[in-house]
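Paired with subunit B in one complex and with subunit C in the other, subunit A is shared by the two complexes that follow.
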Partner chain A sequence: MKGTWVIFRRECASLFWTPLGWLLLVAAVLLNGLLYWAQLNQTGGNVTASLSAAMGWGIVFWMVMIFLPPLLAMRLLAEESRTGTLEYLLTAPVSDAAVIVGKFLAATTFMAVLWSSVLLYGLQLQWLGSPPDWAALLCAYLGAILVSGLFVSLSLLASSLTQAPLLAAFLAIIGCTGWLLLPMLMQSALAQLRDILAQWVGGWDRAEAWIQSGIRSIDVAMHFQQSFLPGVLDSAELVFFLTWSGLFLFLTIRSLEARRWRV
Partner chain B sequence: MSVSAPHAMIEVEHLYRRYGQVLAVEDLTFRLEKGEVVGFLGPNGAGKTTTMRILAGYLPASKATRLSVAGFDVLRQSIEVRRRIGYLPESVPLYRELRVREMLRFHGRLHGMDRASLAKAIPRVLDRVGVLDRREQLVGNLSRGLRQRVGLAVALLPNPDVLILDEPTSGLDPLQRKEVRSLIGALAQDHTVLLSSHILAEIELICPRVIILDRGKLLADGTQRQLLHQLAGDQRIRLEAMCGSDVEAARRSLAALPGVASVVVGERVGIHQAFELRGEGDLREDVGALAMQKGWALRELSLTRATLEEVFSKLVLGELGTAASPALAPAPPAAQSAAQSGAQSAPTNLLQLALPDAKVPSDPGSKPGGAIYSLNPFDRGASRDLSKPVPRDPEPPSDPEGCDQ
Partner chain C sequence: MTVLGKPRQSGRGTRWWIALQVALSVGLAVVAVQLINYLVARPGIRVRFDTTAKETNSLDPAMTRVLEQLPEDENVTVDIFFRPVHPPLARLVSQVQDRTSQLLERMALVSAGRLRIRRNDMADFTAVQQRLLDLRLRGLENCVVVSKGEQREVVRLIDGLATFDPGNPNPDAYRPPAIRSFDAEINLLKGILSVTRGERPHVYFTTGHGEADPFEEGAETAGVLETALREDGFVIHTWNPAEDGDLPEDAFVVAVVGPIDPLGEATQNRLTRFLNDGGRLLVAPHADPRYLKSSGIAEWVKDWGLELTEGTVMEPFPDPSGSGALITGPRSVFFLVPPSDMNRQEILQPLLESGRSLVASRSHAIRVVRQPTVGTGLTMALFHSAKNLSWLDTVPLNYQNDAEVEPIRSYDLAAVSEFSVLDGEDVSEGTERQRSRLVVLGSADFLYSEILKTSGGGGSSLDFAKNAFNWLASREWRVNISPKDPDLRLLPAEAMPKVTRFVIWILPPVLLALGLLMAFLRSRGGPKSGTV
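And now, the complex of A and B:
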C-alpha cells in the first residue's frame, strides 16, 4: 500500500503540473459555471435547483463525466505504455494492483477537485445570505466523486487495452457514454416492445421485472440522482458504485497482466 | 539440476519464452556468480531483451525449471526480486516532466527508502554517474546521453545486488561511451552486472565473461579467453614479403614449416605478396628464419589474435568451420549441453540467412587474409573485413546504432 501512496502522489503531481490538467479543469469549471449562472437567472434565483443542476442534473455535469475521465486515463496507462515508463513502473518493487489503484485514486482526486467548484458556489451563496442545504450539497459532492471514480475505472480499463492514447480515450468515451445511456435506451426499447412482448411471451411480468432489475443494476444516473442528489446517503448506493469501480479496476489489473503475456 | 551455490546471483535453467508462434528464448541456461560482469551478446532479435525483461519481472517466462535472482524465485517472489534488481531498459524510460532529482526520489520511494537515506543517496549516485550538476533540470530536456546516465543513476539508487542493463551505451557518443564503460567497470566491484549490447568492441572491453545468444538459443558461454581459445582456435600470422614470382613455391615452403596448419595466399601489393598462416603457437620466429634463409625482404610479419567479433561472427553467421567445431566445448559448468547443441545446430540453418553474401565466404580458404590497405585507387585506399579487430574508439565503422533513435 505504500507503493500506492507513492504512485498516487506522483500522478497527482503530474496531473496538476501539466497544462492538460489545467486546461481540462478550466474548461469544465467554466462550462459548469455558465450553466449554474444561467440556471440561477432562469429560475429567478432558485438556489437548490441551480446547485443540483450544476451537480447532477445538468447536461454539463454528465458531459464532463463522459469526457474528462477518458482524457485523464489515457495518460495514465496508454501513454505510459507508449513511452515505456510502464515497463519501468511494472518492474519497480510494487504490485500491479498498487500501480493501478494509485493511478485510479489520483485521477479520481482530480475529479474531486473539479467538483469542489460547486462547493464554492455554495460558499458564495452562504456569503450572499442564502445558505444552501449543506448536507444535501455535500452528499451530492460525495456522489459526484463516486460517479467520477466509476468512470475513471472504466476509462482505465480502456486505457490498459491499447498503447495509443487517442484510441484509449476514444474507447473510453464510447464506454462511458454507453454505460450512461444504455439503461435509458433499454428502457425506451422496453417501452416500445412491452405490448408486443406481453402478448407473445408467457409470464412476461416476471421477465420484465427481471430485465428492469438488470437495467437498474447498471444505471449510474438513476443511482446518483435518486440517492445522492436529494441528500440521502444510502449504503446500498455506496456499494453499487464501489462494486462497479472495483470490478473495472480488477479487470484493468488483469488486462495489464494479460498484456505481459501477449507483448 | 545443478546444485545452487550460495553465491549464485542469477540462475536461469531451461528458460523458454514464446511470443505467439515465435520462440523468442529457447532452452536458455546460465548462471551469474556474485560480482560477475557478464555481457549478453547477440544480433537483433536474439532474445537478449526478452531474457532481461523476464529476469526483471516484466515478462513472465513461458517455461523454466529454475529462474532466480539473488536466491529469490522470479515468478513467486517477484517483489523481492525487483527490490534487488536495478533494471535499465533500452529505451531508458524516465518521466520527462520530472526533474532529475524528483525522478530519483520517486524511484527511491518506490523502493521504500526513507527521506534521510534518499538525501544521502541521491547526490552520491548522481555524482557517480556525473550528472550532479543537472539535478534540477527536467528529464525531458536532457540529451540522450545524459538521460542514459540518469537512467543508470535511477537503477543504482537503491544499491541493488544485481544490475541488468539493456544496451547501456546505445545512443551515446564515443566519449560518453567510454565514460559509461569505465563507470560499469567500477560498478562491478559491488554489483553483479548483466548487460547486453550488440557492439562487440564494447563487450570486449567491459565484460570478462560473455554469453552469446542467437535466435533465442545460447551459442556460447564463457570468459573471453576461453571463447577465443576454443572457438577461434589457432593463431594467425600475416606475412608480407618480397618472395619473387613463384608464389606457389613460397606457399609450399611456408606450409612445410612445423606447426603450420594452413597457408592462405593473400593479395599481391606491388612486389609484395601477402600470406596468412594458421597454426599452433607463435610461428613468427620460424617464418622469420625461413624468410632469412630464402632471402625474402619482409614488409610485415605479425601475429593476429582472434577477436571476440570473429568468434561472434563465426558463431552467429554460422562460419564455424569444421576445424573449429571439435574444439567447441564451452567451459562454464552450467551451460555445456545447451551451448553445444546450440552451436552445432546453428551453422546449418543460419548460413543462408539475412547476411550479405560478402560476409559469408563460400570457401574460407579462398578468402584473402583481410585487406587493410590497398593500392587500388578505386578501392578508396582502405577496407575492413570481419577477420580484423574492430577499431575500438572512435565508433566502429559499421555503425550498429542505425536502429536507435
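And now, the complex of A and C:
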C-alpha cells in the first residue's frame, strides 16, 4: 500500500509537472467546453442535457477516452522501459502490483481532474441561478472516472507489451477504439448476416437474443450511458468497470513479471 | 507469464506451450470476469439507486409490478420505429425519442429478459418493411409496437408517447413549441397489458331499478366508466334480474350503481349468494337520500357490517371573491380528498404514490360497524372527508352546518371488504372458498360520467374507478400511472454570455497559464519526477 502511494505521488508529480500533461488537459477542456457551450445554445439552455453531453453523450468525451489514456500510458511503462528507468523501478523495494496500481491511479486521477471541469460548469450554473441536479452530476462524474480507469488500464496493458512509446500508444488507441466500437461492428455484422443465419440455424431468434445479450454485456458506452450518466448508481455497472479494469491491471502485472524471466 | 507445467526441451515447443498457457490463463480470466458480471446482474443481487432529484430514472411501481409479473415463457417485444422529423418539432421529437429509448432500456432491465427491445434502422428500408410485414402492419414510422404472438399494440410518438404544444409562430404572441406531457410510461404499460391480457373478466351492471346505464351517454350514466373498463380489458354487460333470471355463469364482477327502485329481496339474495360464493360486488347507492331509502341498499349492506347514513357529507368551499374565507352553500357537496385522507389499500395505492387527490361529490357517510368472522377477512374504510371541516348534513339538506346535530369531524366515504365464507360453522374446521371482495361507495356519483369526465384531480376519479374494478377482478397490478414530467432546468438566455466567457475564454487559458507556471517552476529546479 505504501509502495502504491509512493508510485502514485511520483507519477502524479511527473504528470502535472510536464507541459505535455497540461497541453492535453487544455485541449480536452477546450474541446469539451465548446461542445457544452454548443449544446446549451442548441437546446435553449437545457442544463441537464448540456452537462450530459459534456460528461458522456458527446463525441468529444469518447474521443478523449480513445486518445488521452493511451498518450498518458505510453510514457508510464513503454517510455520508462525504453529509457531504462523501469528496470530501476522494478528492482526498488516495491512490488510489481504496487508499481502498476500506483501508475494506474495517477493516470486515472489526471483524467478525474480533466472531467472535474464539468463540475466547474455546474458550479457556474449554480451561481447563475440554474442549479444542476448535483447528485446526478456527481454520479455521472463517478462513471466518467470509472470509464477513464477502464481505458487507462487497457492502455497500461498495451504499454507493458512494448518498449516503443509510439507503438504502445498506437496499440492502446487500437485497443480502446476496438473495445468501444466492437459492439457496434458486431451488431452491424449480425444485421448483415441475420437473413442467412435465420435460414441455416434452427431457433435463430433465441440464438440471436443470446448473441445480442453477449454484445450488450461488453458495450462500455451502453454500460456508462444507461446507468451513471443519467444518474443511476447501479451495483452491476460498478462491478463491470471494476472487474474489467482489474482484469487489465492483472494482465499488465503478469506482463511485467514476464519481463523478468524473459531476461 | 508464470509457467504452470514442466517446460519442454525443444525451443519452439516450449514457446508454443507457454503461449498456450498464456492464452488459456487470459481466457479463463476473461471468463471469470464475465461470470462475475453475469452473477451481479441477476435480479435480487443487483441494486440500483436513482440519484436524480425527481427520480426520473425510476419506473413507476405499477410498471415494475406489471413487468415482474409478465409470463416468463413468452416474451413481449417492443419494436422501435423512430426517425427524425422536420422543424419546428424536430428537437422536441428527438427528446421524446431519447427519453422513450431510455425508458425502454430501464423496462427491459427490470423485466429480466421478458421484455425484448428491437430497434429498427429506418434507413434500412427493406428490413423495416419486412419487420412491419411480420407484425402485419404497414406504413408506420415514429411509433413503438408492443407485440406478443399475434397480439400487437401501436403507440404513436405524437399523442401517444408524448403530447405537444405546437406553439405560436406569430411574432406578436410568440410561444415556442413544447412538450405538454410525456406519457410513454402509461401508454407503453397499456400496450403491454393489452397484449398480455388473458381471459377478460365479465362485469355485469344491474338494471331495471333505475340504475346508471353503462351503455348510455349522459351526466348520471356510467358511459364513461364503461368505455374505460372496456379499454382496460373488461367485458361489460347489463343484467336485469326481472327479465334475465339468474346471474350468468361468467359473471365475475357485479356492479349495482345508483338504483332508485327497490332491488327486491330475490335480487338481493341472489347477489348475496354470488358474493358469499367468492363473487365480487360493487355497490354504489344513489346520492339522493330518498333513493338510498327506497332502493333498500342501506339495509342490505348491514349484512356485511356496514352502515350507510342518510345525510350527505359536506365541506365548506373557498369564497369565490378570493377573500380566502371558507363559506358554505350548495357547492359544499363537491370537494377534494387529498392523499392524506386516504388509507393504504391497493385501490388507492397509485393515487397515494403519485400524490393525487380524488374528487368527491354528494356522498353518504359509511361506517364500518362490524368486521367479518374472526380470521376470515377484513373490512376497512378507503378514504374520508376532512376532519376539521366536514359535517354530515342531515335530511332535509340545507347545506349549512348545524353544530348541535352535525358535528365537524371526518366521515368515511367508501369501504372495502375481503372475506371468505366458511363451509363449516367453526373457523378452524371450515374449508375456505375463493375470497369474496366487496366495494361499497358512499354514492354512485363517484362513477357517474359527469364526475369521471371532469379534469379535477388529474383524472384521478377515473383511475380510482378503474382501480376499484381491477381490484375486484383480482387484477391489482392493472393500475394507472400519472405522466412524469421531465426535470427541466433551463439557463436564462441572458446568462449565456457569462457561460461562453467562462467555458471558452477563462477556464482553458487559466489551465494553460497553470501549465506554463509549472513548466517555469520545473525549469527553475522544481521536481522533475518523484523518487522511490
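For the reader, a short list of remarks on this structure follows.
Going forward, the second predicted complex is superposed on the first by the 262 of 263 C-alpha atoms of A that agree within 3 Å, B and C clash if a C-alpha of one lies under 4 Å from a C-alpha of the other, contacts with A are read in each partner's own complex, and residues count from 1 in each chain.
Operating definition for what follows: contacts are C-beta pairs under 8 Å (C-beta built on N, C-alpha and C of every residue); 3 or more make two chains touch, one makes a residue touch a chain.
Quantities reported herein were computed from a predicted structural model and do not represent experimental measurements.
Considering which of subunit B and subunit C touches more of subunit A, the answer is C. When the two complexes are overlaid on their common chain A, residue A:174 makes contact with neither subunit B nor subunit C. Of the two partner chains placed by the overlay, only subunit B lies in contact with A:83; subunit C stays clear of it. By the touch criterion defined above, A:2 reaches subunit B but does not reach subunit C.
When both complexes are overlaid on chain A, the residue A:130 reaches subunit C alone and has no touch with subunit B.
Legend: residue contacts after superposition of the two complexes on their common chain; A:14 is shown touching both subunit B and subunit C. When the two complexes are overlaid on their common chain A, residue A:92 makes contact with subunit B and with subunit C alike. Shared contact residues on subunit A (touching subunit B in one structure, subunit C in the other): 3, 6-7, 10, 14, 17-18, 88, 92, 94, 261. Against subunit A, the residues of subunit C that register as touching in their complex are 1-3, 25-26, 29-30, 33-34, 36-38, 40-41, 45-53, 56-57, 91, 95, 102, 105-106, 113, 116, 121, 124, 127, 176, 487-493, 495-496, 498-500, 502-504, 507-508, 511-512, 514-516, 518-519, 521-522, 526-532. Residue ranges on subunit A touching subunit B, taken from their complex, read 2-3, 6-7, 10, 14, 17-18, 83-88, 90-95, 260-261, 263. Considering their complex, residues 3, 6-7, 9-14, 16-19, 21-23, 25-26, 29-30, 33-34, 36-37, 40-49, 88-89, 92, 94, 117, 120-121, 124-125, 128-133, 135-136, 138-139, 191, 209, 213, 217, 226-227, 230-236, 239-240, 243-244, 246-247, 250-251, 254-255, 257-258, 261 of subunit A touch subunit C. Here subunit B touches subunit A in the complex through residues 19, 53, 56-60, 79-80, 82-83, 85, 87, 89, 91-98, 106-107, 109-112, going by the rule given at the top.
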